[in-house]
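Per-chain numbering from 1; labels A, B, C, D, E, F, G and H assigned in written order.
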Amino acid sequence: MKNDEIRSILDAVAGGTLSVDEAQEKLGGLSFAELSYAKLDTDRMVRQGFPEVVFCSGKPKEALVSIYRKLYEAEGAVFGTRASEEQYDAVKSVIDDTTYDPVSRILRCGPATTERKGLVCVCTAGTADIPVAEEAACTAEYFGTWVSRIYDVGVAGIHRLLSQTEQLRKANCVIAVAGMEGALASVIGGLVARPVIAVPTSVGYGASMEGLAALLTMINSCANGISVVNIDNGYGAGYTATQINRLAEEGKDGR
Amino acid sequence: MKNDEIRSILDAVAGGTLSVDEAQEKLGGLSFAELSYAKLDTDRMVRQGFPEVVFCSGKPKEALVSIYRKLYEAEGAVFGTRASEEQYDAVKSVIDDTTYDPVSRILRCGPATTERKGLVCVCTAGTADIPVAEEAACTAEYFGTWVSRIYDVGVAGIHRLLSQTEQLRKANCVIAVAGMEGALASVIGGLVARPVIAVPTSVGYGASMEGLAALLTMINSCANGISVVNIDNGYGAGYTATQINRLAEEGKDGR
Amino acid sequence: MKNDEIRSILDAVAGGTLSVDEAQEKLGGLSFAELSYAKLDTDRMVRQGFPEVVFCSGKPKEALVSIYRKLYEAEGAVFGTRASEEQYDAVKSVIDDTTYDPVSRILRCGPATTERKGLVCVCTAGTADIPVAEEAACTAEYFGTWVSRIYDVGVAGIHRLLSQTEQLRKANCVIAVAGMEGALASVIGGLVARPVIAVPTSVGYGASMEGLAALLTMINSCANGISVVNIDNGYGAGYTATQINRLAEEGKDGR
Amino acid sequence: MKNDEIRSILDAVAGGTLSVDEAQEKLGGLSFAELSYAKLDTDRMVRQGFPEVVFCSGKPKEALVSIYRKLYEAEGAVFGTRASEEQYDAVKSVIDDTTYDPVSRILRCGPATTERKGLVCVCTAGTADIPVAEEAACTAEYFGTWVSRIYDVGVAGIHRLLSQTEQLRKANCVIAVAGMEGALASVIGGLVARPVIAVPTSVGYGASMEGLAALLTMINSCANGISVVNIDNGYGAGYTATQINRLAEEGKDGR
Amino acid sequence: MKNDEIRSILDAVAGGTLSVDEAQEKLGGLSFAELSYAKLDTDRMVRQGFPEVVFCSGKPKEALVSIYRKLYEAEGAVFGTRASEEQYDAVKSVIDDTTYDPVSRILRCGPATTERKGLVCVCTAGTADIPVAEEAACTAEYFGTWVSRIYDVGVAGIHRLLSQTEQLRKANCVIAVAGMEGALASVIGGLVARPVIAVPTSVGYGASMEGLAALLTMINSCANGISVVNIDNGYGAGYTATQINRLAEEGKDGR
Amino acid sequence: MKNDEIRSILDAVAGGTLSVDEAQEKLGGLSFAELSYAKLDTDRMVRQGFPEVVFCSGKPKEALVSIYRKLYEAEGAVFGTRASEEQYDAVKSVIDDTTYDPVSRILRCGPATTERKGLVCVCTAGTADIPVAEEAACTAEYFGTWVSRIYDVGVAGIHRLLSQTEQLRKANCVIAVAGMEGALASVIGGLVARPVIAVPTSVGYGASMEGLAALLTMINSCANGISVVNIDNGYGAGYTATQINRLAEEGKDGR
Amino acid sequence: MKNDEIRSILDAVAGGTLSVDEAQEKLGGLSFAELSYAKLDTDRMVRQGFPEVVFCSGKPKEALVSIYRKLYEAEGAVFGTRASEEQYDAVKSVIDDTTYDPVSRILRCGPATTERKGLVCVCTAGTADIPVAEEAACTAEYFGTWVSRIYDVGVAGIHRLLSQTEQLRKANCVIAVAGMEGALASVIGGLVARPVIAVPTSVGYGASMEGLAALLTMINSCANGISVVNIDNGYGAGYTATQINRLAEEGKDGR
Amino acid sequence: MKNDEIRSILDAVAGGTLSVDEAQEKLGGLSFAELSYAKLDTDRMVRQGFPEVVFCSGKPKEALVSIYRKLYEAEGAVFGTRASEEQYDAVKSVIDDTTYDPVSRILRCGPATTERKGLVCVCTAGTADIPVAEEAACTAEYFGTWVSRIYDVGVAGIHRLLSQTEQLRKANCVIAVAGMEGALASVIGGLVARPVIAVPTSVGYGASMEGLAALLTMINSCANGISVVNIDNGYGAGYTATQINRLAEEGKDGR
């Protein structure tokens, strides 16, 4: 719509030859982009109920502190992933209400708990996969999801996993975290009826190629219902699992 | 079997109200594989309500016909992916109630429609991605999902996609199908609040490396809520999307 | 901007408390998306002056003929790349004014010549690279550019290329087309002061890996002013070269 | 040892100043190469008890027939892998005592059975892996091993495999054949105490990259006791499994 | 041409048996290489108007200082990329008129500003891409180009980019800098009519493979007018954009 | 637990010679997961006769010390691979009976020797491959195998290897450890009649790609009887070789 | 040097104000390019003594016939590689003096023999490598080299190769042709004191990746004196071996 | 030959029924392996005239000092590549006659010069390639070759290389050292008639992939007479060039 078209509509309204209702209908098509802009923002608020997530890795201390301070002032809470001890010290020195989990490397300011509903289950193949799993689990918890953890149930000792089948089936979504050969996701996919988010990790050596082997294993899984996120992307898995969990719980809430 | 169940059997044996033979039979059920086997089968029935899916590609005609006949007799319906015209002719010659869609390459026997609920949206970047998208869409429909199709909305003409934002946001889950540079999933991920299943396709040439470039793009997406399935795996995307859609709808059903 | 904000503006105009000028200013932000949509279309017309380009490869004959007929009716001319002889026959049978060049594989309907200005130079390392070079050259010509061709001047006989230096330096942009080791672009980059578009080709065998080796060579070029398009993407190079050529010529035209 | 050193030893023997025993000791080091040559041949006879194996794939019909005829005359039996129907017809036309198995693609002349001992178990993840598994199984049988086959026990339906645990544990060696994500070997490795030979297959599509994904999965297995052969190399797995089986059985034979 | 052939021509001229015209014709072919040599040097001066650019990374401090001193004496100005703080300190200690930008890592001696004309626009997907973008922007500015910066407009929040469309379209050339999935270039390519130089960055983790994923995305872009430089090669993009910008502006200057 | 064992427990309960409490304790193992678990554990004990192996690499000192202490208390011996000097110091400070081998990087607590039988031969191509070879050799020795070492017999000086043929042939299994081009396994495979476990190492530079080149060489070996483990996986090779050696020796023991 | 500078020198010579010696010195720098051009041509004649080599693969029949006819008229002989039977028929129909070798795929016109000197030895690992080896051998023979062939001496049966050591050591240069694991070159490199040209072949399957595995093996060879050409590039190896052989023989000729 | 065959020959000699000459002839076949061993050693002495070369990289200081001491005592000279400053200090402290070149990283003991003949030319594309080039040049010099160095003549400024054509053509062999796009070898291959050894270097960034891009460029070179060694393998190139140079010079010596 050209500017002069907009003008002629306005002229008609001013001149009384066009009702406000008719004008609004004509202009409706215009509202898209800006509304779209606004709507996205609103969406974010509506669907998340918490401030933006900060990817801390590689951010200089000063920049990070400034971001945390700004978000903390605006929102009263900040949630960041892949933070270092040094970053924790720096943020802690300006925001007292700061906690850091060295395993998941999550750096938070503000209240420690959120209201939770539904259930996501996070599994790992080995103990070395736990940091990625904790990033996923803490993300899901922060976003309002109950999380059950089943760690060190790799397929080389399949009985460990099978003994947890009941537990696995209670979840709305399962996150399978594994490095090396990454076969965990396929086995879980065969045991549960819910979506499985597979997270390859960079755990391994030699031909594991920093997680690419596990990524390929998971992408080629012969089980149904498996989809994959980037290597070591615990945050992404926790986020997607939360989306799925909410769909299930929102339905139950009659929303 | 819970420990107290074992105890009550033992009590009965000790009390003489259960013979050793009967006790052994009861405890026999504990032997793990068989129980587990049965439980899985039941699961499949409970959660799917339709026969197994056949991956037709590469199966010799005689073998395929035999599988279709067996499943058709048992279930009254068969659903197969990646079928050829020749395979269609072969199956059609023995099961009259057979239909074939040359675009999605899906070969079906039995009733054409299933009861549907919820909504999944399937998007493609280009027209060449449509066969994979149709495999996803028809799979989701077969499994009982309403599907809206938004095709040819690649990011090089971003306005085409943006004009469909309203439509995208109605779905419980969006499937983004794209070859070449595969950027569609990221843009959609930024527009919707629901999970996005990204399907790389082998569409492209040169450095697209049969879909690997699109796969890498999607796995590295900077948008939240995106997970990825194998190259050209429309079926897998349709299946996962159905799982997610059901979670949303089951909740609404008060189930 | 929310719908009710739009309404309150319209109400104010209708009520006479807001002038049309003021309203237009307030609504200006709205015009973006739809205008954007329209502007893109207009842009395409303004900057190209010809119909869309068709990527013929893999399109079924019926579909291709239908696309050509539609575009030919609308525009009076159609330009398609990567067409086969069979596709030519099919289009020729419905649109008489059709020509096909088996080297560049370009399939055209409508007038054979366009007005040209400026100069782009297209070079190849070997004779096997000529089909890709011709796709680039014919695209640039179709889009209104004069093209000089310097073929078979690979770096293993560097004197062949050097004897053409004068010719190379006359162009606003040089397209360097090479397979195998792809070193042509670097040498040309060192000889000319204008941008060089490098096109790797799939010519070669063994470790050329279908053009990936040439692509890597070109991307790693130590010469300044070189940028790279996809393997065998003559069309893309011709398009970009035309954009650059136009910038040079538009300036001269005082536009 | 230089020739003149040999001569001086011989001179000393001829002159009676060196005994034959002493001379033989001094010359012992010399016997190595030729003996080595001979020993290898003898080894092959001793340890195999059958003629060389022919890799038929790609051999012209005339050449293949000539090889088969020569070996058949010398040994009375020939065993070839990766043969085609056409090659079978060609060999059959000159050697009547010829059989061909279209699944394993093994082409044999001579007696159908060999004496067997010990047990190797061959498993596949899916039905599409059976041709490779049959190449392994038939090779092991031909080399004198009893073989149990457990097919279609992929990890996506783990109960199928677990129900065969008893059977798996009876074998001296297990061959795990799998394409796609190739996770079968890890699970088997966790269930049995014997060596597992993993065979990746080219079954799959997309990011399976013709079996490379399965190869990487298996090489990175977190289970103990797994070693890997080339993609689709059923013959190699059958051969190695036979070597291991013989070691076990030879011990029992008191050898 | 051999030296004695040259001599015999000169002898003939000296002896009067060959006119100067005839001699020049005979010698004409000779002028090529040396002229070529000289012309290249002259070209560099004519088209650049500033000293050579120094690639500082990895150069020992002493060597770097010596290069800077030499160029500074000869030209009165030096421009270097990928410098470290330590290298800055070393150069600063001998050339007082030295400045260093820790973001772009550009190390300059001499006057801070150059005359500028035309406009190039530099965009980034995220904030982590800014160092590469600044290398591009500062290079273009140093070479005499006006630069507009549009940072952090990645495709996962497409509205941020769209709101800048007007700005994008003012430039003679757009540089799109992006890591992770690298989709920014395609979207920009669809919005503007000018050449887009895509710069993949090594920003990302896991399957981003140090920027290779973004490089592949950009090379496979389905948008027209996109060409690609090496990973993190901000300098190369700035250089090529300057070449394009000059073509446009030189035309306007009536050159 | 065998069925007749279950029966005898039940008989004892029925006969009053076993209390229900005692029976439940004995049958506890039967409850599904736990039974399966116990069976594997028992298997591990039966077939290995020593505690679990610890992969030390990357484990924090506190965690490692705690694992070692727990295992040492339970088993009286601990065996760990890929340990650092620092980890040794930490464990040594709490368990006096600790030894560390800086070449193989194996960290042990408890008695230094185990009873051995059979013979495995470990070969390396170069001296740089010795750490991986020692990991294999020490693992095999710890698991009760005699080991002969033949180091630095790479194929570029083939006579060094050939002079050891006799020694090679005495072993039940040969481990071939090689980096760079990794050809050692093929030559050994042609010299011996026993299984060869090939271990690629990350020794090399340039196109050795951290051991991937050696891995590909070994997987493509044209010799029979070769199977491959992960790059630098000395432990895995030692483990598999022990399995094979035991099969041979168990047979001899009449077991 | 500009043309008018040349003229002023010539004027000075003609006018007697500049001696011929001085003029030659001034013009000396000029002689380079043209001489270089001419010298290259002359070189080709001098060092080869035969017409250009034609790479036949992929050339249309008409084009190939035209090239052969032109070269045959000019030189009386033509030598082409990678020709097909069809190409042979086409050339034969216009040049009667044409021969074709279906193994090496070399297509020749003119006299069958050339004068030969020196010796190059060509070895293959297997019989499937012979076509590439024959391309190398025939090329070397055509260029005037005596060639000894040692085929099927792969490292899995190392005695076959060792028995040929004497023969290998007679050659000025050895060409080692091998696919699969490509270890042949390393072993030969350890046996001879002369340069070894390694030719990887695309023989193999699975992880041989069309010869890339063999290429990597050879590039990483731990033996001295090995250099590598492209996969299947028998011609290149034959050419380089001829260059080396000539250096040796030219020295002997007292040249 | 069996031991009893040897004995019967010896018996015959002892008994006088076989002459020593006849016995030696019969035993001749035996001399192979041990002779082979000895011959190789002798070869090494004959063809090299200096002690073994030590690859210093990664060797612990104590081990390196011990190797140097042993070789120095035996040979009076030691030559090692890829040494560090620290290794130099360690060796220097025990062998006074030690020199170290920090550019080539060569660590030598003993006399600094060797007798030289013939000529090899070493070229680099850039200054960053010089360390690898110096490793090649110093190796060739140490092995008795005259070396001319032509550095920083990359193809982006082709005139720099062309001005050295005369110099290039004087050498018996040219070594072309280049990173980034590695095109230098192709251009040199087109300028000279002698063998070119191409050495890719790890110089570059981004898609240079630590030298793999340059390696691929060189392997795919369209020029004749080029063969390639491993990335950064200056030593290997110097060694092979020496072999070629010796062939040329030995011929001239009438050997």
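One rule holds in what follows: contacts are C-beta pairs under 8 Å (C-beta built on N, C-alpha and C of every residue); 3 or more make two chains touch, one makes a residue touch a chain.
All figures in this text were calculated on a predicted structure; none of them were measured in a lab.
Chemist: Which contact partners do chain A and chain H have in common?
Modeler: C, D, E, F
Chemist: What shortest step count links chain C and chain F in the network of chain contacts?
Modeler: When the steps are counted carefully, the minimum from chain C to chain F is 2.
Chemist: For the sequence-identical pair chain A and chain E, determine the rotation angle of the Cα superposition and round it to the nearest 5 degrees.
Modeler: 90
Chemist: Is the C-beta contact count larger for B-F or for A-F?
Modeler: Result of the comparison of B-F and A-F: B-F.
Chemist: Could you tell me which chain lies farthest from chain C when each chain's centre is the average position of its Cα atoms?
Modeler: F
Chemist: Greatest Cα-centroid separation from chain A: which chain?
Modeler: Between chain A and the rest, the longest centre separation is with G.
Chemist: What is the distance, in whole Å, between the centres of chain B and chain E, each centre taken as the mean of its C-alpha atoms?
Modeler: Chain centroid spacing, chain B to chain E, equals 50 Å.
Chemist: Using CA atom averages as chain centres, what separation in Å is found between chain F and chain H?
Modeler: Each chain reduced to its C-alpha mean, chain F and chain H end up 39 Å apart.
Chemist: Could you please state the distance in Å, as a whole number, between where the Cα atoms of chain C are centred and where those of chain E are centred?
Modeler: About 23 Å, centre to centre.
Chemist: Measuring from the mean C-alpha position of chain C to the mean C-alpha position of chain D, what distance in angstrom results?
Modeler: Each chain reduced to its C-alpha mean, chain C and chain D end up 56 Å apart.
Chemist: By the touch rule stated above, which residues of chain A touch at least two different other chains?
Modeler: 32-33, 36, 40, 157, 162, 190-191, 206-209, 212, 215, 219-220, 224, 230
Chemist: Touching pairs of chains, all of them, please.
Modeler: Pairs of chains that touch one another: A-B, A-C, A-D, A-E, A-F, B-C, B-D, B-E, B-F, C-E, C-G, C-H, D-F, D-G, D-H, E-G, E-H, F-G, F-H, G-H.
Chemist: Give every residue of chain A touching chain E within the complex, in rising order.
Modeler: These residues of chain A touch chain E: 33, 36-37, 40, 57-58, 200, 202, 210-212, 215, 230-233.
Chemist: Flag every residue of chain C that touches chain E in the complex, lowest number first.
Modeler: Going by the criterion above, the answer is residues 32-33, 36, 40, 43, 46-47, 162-163, 165, 172-173, 190-191, 193-195, 197, 215, 219-220, 224-230, 236-237, 239-240, 243-244, 247-254.
Chemist: So in the complex, which bits of chain G are touching chain F?
Modeler: 125-126, 154-158, 162, 180-183, 186-187, 189-191, 204, 206-209, 212-214, 216-224
Chemist: Note which residues of chain G are touching chain D in the complex, please.
Modeler: 128, 157, 159, 162-163, 205-209
Chemist: Using the touch rule from the top, collect the residues of chain E that touch chain G in their complex.
Modeler: 1-3, 6-7, 10-11, 13-14, 16, 19-20, 23-24, 27-36, 38
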